[in-house]
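Just dropping this structure here.
To keep things simple, chains are lettered A, B and C as they appear, and every chain counts its residues starting from 1.
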């Protein structure tokens, strides 16, 4: 237990968490980029096995990393509950028992404790002891200080005056907040879910974690002029439980649909090789084709079929392929036949009207002469990537975050001040004040405030300073 | 030529001029140098702001970008960072007469803007849908403001190391008497970090809220997020070591400098790791 | 218009002679000037120099001769004229600027002289001794004195062991008003050091000596607290500066003592000065973190380097003085022609931490 309470252990623990978190950023993580993990596996099969054993490719979900986080949360609680911070502002003038005979001894200890305060002031007054005690405490109260821990004996009296005592709780609140955030994360890990549901425009898909179906009636994407950079994409989404419609909204990035805490995000979009129509430019006349529906080319013996669409055409191992699901380089394969006899398929590109690739029966490609027709346009059927997430821990995270901000504001931006005041009778109606002070900021800023407050106190008590 | 680029080049020249003057001021105790340095810095800030104004104007020509700040690109981010460092220094200097620290702080701002102008592309493009959120005006701005403060703390830490080394060597140069004292530098370093740390964490939390809104998760261990967390952990370690364990002086500065190294890596290095937050990727 | 300066300084005259002048009362001299043909005068009297700047004479008298006889008048014919230097015209102007800038001082660049020039001028003015030329000249001299110090390194670095120690303490703690000092030993050196520290507003001085009486005597002079010699280790946990100058033959503070106190210091710096022979403080202590131990020879070495550094700046200071002398000469010329030029007093920049003394 002592180990867990030591601040050194906590710092080492924090350093370990930082170190492993950093390590994780240098390996592809399977929840984020599974393709890269696969690539790594194929490039370094042995290295992959070893690293995978330690969970390097899903580091943040490994039991040991979770364990470190849990230990940290546990430690924060232990540390904050049992450890008193070395807070000068919290120390009283010692000691605090009330044995009358010991009063003299206690006072001398108080005086020594006072000597050690960073800011000090002492003065003599002609007020009587009782009066001095009352006037001094009322002075601090008038200046917005709370007076407490009063100690009174005929041989001397002492009290504490503090302001902005809340500052002290900042640290506690901030640490509790961290634990709440971690609890929120735990709740999410236990009860939350995330799923990715690609839905073709006009289709419906059943959810995995809820007995609901998603349908995208209309998917819209706009591009910045002359680029394939989307400026906006949105889905008209309907969510049904059985036959009952439970939610409906046109969702955009940053504007999800929320149904009882289950949120539907517009995450991605793409073309999967389906299209409604393509249009061929036959040198002035246009021919519109539906997918896989053969059509006669007017005035020729040919019939043509638009077969498949590659949204981001690339050649891999000599074969046609797509590099991504983005519409970066759309290409369509056309099958021709003359009197029922097929000729080799041709690939046409909507961005490059003069390029034409011929596909041989084994699938390899070669350049062909520019044909007398070109691909005028494609109307692809897009899918909308809907991410559905349920995070019951989120309100906890938000609560923790708010507490964290509150705690830090108290801790770092509030200026706590504390005065230790010791009053001793000096015979013949004379009373001596010794005052020590501490502030959470310290330094010159407080020095000025301290000096001016002591000046005011002197004039308030109407007394002369006497050399120490 | 684009007025934005002309203005920013003037600002860059002014920053470098101020930086060079601050180094001469280190070597020669001539108060005029300090004044010129500040004037030049102020001039640079004015031109920089003007340039930023032009950038916003052309950025908003694209209707989707309207009322979002142009800090989505590496250029915009570095430029804003340099501006924030300079303004923070200008404010701290004028309050505490710490012009002598210019040589420890201004090079980083000048370097940052220099990289922006010479290497990064100033091209303006439309925001991807994920960035079209009012959070873009808050989350990166808050974070970069804390980075700027950490940059200042780094400069203060450097000055402390110089001062400590001089006094330990028993052969102090005249510079020793002109730099602020070890204890002042130590407490300034601490106070800047103590003020910037809450800003950093608030920025990270805002990022989480935005991510929850845009991507459906508060935290996703994306490299940028992870490195921001590491940065916060290091600075939290610094605050704890200083406050709870009484770590001060040279060793405390080493810890805070490690924190700043994390800031730099979060800002620059992560672009080579992150898909989501990369200034170099399409975001 | 004649401008003449006559005077003697540490460079020209013996201490005994300078003392005679230093003892003269202000009002006596002022009275004697009023009854002399000098109509515009400022005189400067410090322990290192006595000078009269005269920039106006009644009715065609020979300025230098008037001044020399005035000097003889002051302390009788015993002073030989060889001890007295005389400058006139622009040479006198440039001499004044040099004096104000601290170039003519025993310790080059010292700042005290500027205050003394200012005081001398203000007193002469309030007595009605000065005229237009004198006013302009002295205002100009004060401006140049400040300018030289802010634009050259002539005043950088302290030039005595005690003030170097204080300046180092400031380089570690900044404003010393929050610091506390433990003084071990109650000898002369300790007293000198405290005197330097007191001007820096240090509120907390603990004096500890093997014989308590001497500590008490010293403590009374400086509102200091006497600390029991046996408890000095306890004080090590609290104080910022330790100054040791005891005559003890063995070490007064050992490494063990400092090491054990460091635990409770929470990383605050500890500045230790050992000016005792033989040493009071164990040398190894310097290698502890946060502890800076300076010995007498370290301080002396810094003094020597500072003096060297100041001399290296003399030529820069002279350049400024030359150009300002030339400006004044232009002004004189213009005045002769009946025009009056105005000087450009550029605003004085704020010096963040200038060395005093």
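We adopt the following convention: contacts are C-beta pairs under 8 Å (C-beta built on N, C-alpha and C of every residue); 3 or more make two chains touch, one makes a residue touch a chain.
Note that this is a predicted model, so its numbers are computed, not measured.
Asks: Which chains lie in contact with each of chain A and chain C?
Replies: A chain counts here if it touches both chain A and chain C, which gives B.
Asks: Farthest chain from chain A, going by mean C-alpha coordinates, please.
Replies: Chain C.
Asks: Name the chain with the Cα centroid closest to the overall protein Cα centroid.
Replies: B
Asks: I want to compare two interfaces, A-B and B-C. Which one has more contacting C-beta pairs?
Replies: Top pair by contacting C-beta pairs is A-B.
Asks: Any idea how many Å lie between the Cα centroids of chain A and chain C?
Replies: It comes to 60 Å between the two C-alpha centres.
Asks: Where the CA atoms of chain A average out and where those of chain B average out, how many Å apart are those spots?
Replies: 21
Asks: Between chain B and chain C, tell me the centre distance in angstrom, where each centre is the average of that chain's C-alpha atoms.
Replies: Chain B and chain C have C-alpha centres separated by 43 Å.
Asks: Scan chain A for residues touching two or more other chains and write them down.
Replies: Those would be 86.
Asks: Multi-chain contacts in chain B: which residues touch at least two other chains?
Replies: Within chain B, the residues that touch at least two other chains are 246.
Asks: Which residues of chain C are in contact with two or more other chains?
Replies: Correct list: 266.
Asks: Could you pull out which chain B residues touch chain C in their complex?
Replies: 28-32, 34-35, 97-100, 163, 167-168, 170-172, 174, 176-184, 242, 246-252
Asks: Contact residues on chain A for chain B in the complex?
Replies: Its residues touching chain B are 7-8, 10-11, 14-15, 17-18, 21-22, 24-26, 29, 31-33, 59-60, 85-86, 185, 188, 194, 224, 227, 229-233, 252-254, 256, 263, 265-267, 387-389, 391, 394, 397-398, 401, 404-405, 408-409, 412-413, 442-443.
Asks: Report the residues of chain B in contact with chain A in the complex, numbered from low to high.
Replies: So the residues of chain B in touch with chain A come to 62, 64, 125-130, 132-133, 187, 194-195, 197-198, 201-202, 205, 208-209, 212-223, 226-227, 229-230, 233-234, 236-237, 240-241, 243-246, 270, 273, 275, 282.
Asks: Would you tell me which residues of chain C are touching chain B in their complex?
Replies: Touch residues, chain C against chain B: 150-153, 156-157, 167-168, 170-174, 265-269, 286, 289-290, 292, 294, 298, 301-302, 305-306, 309, 349-353, 355.
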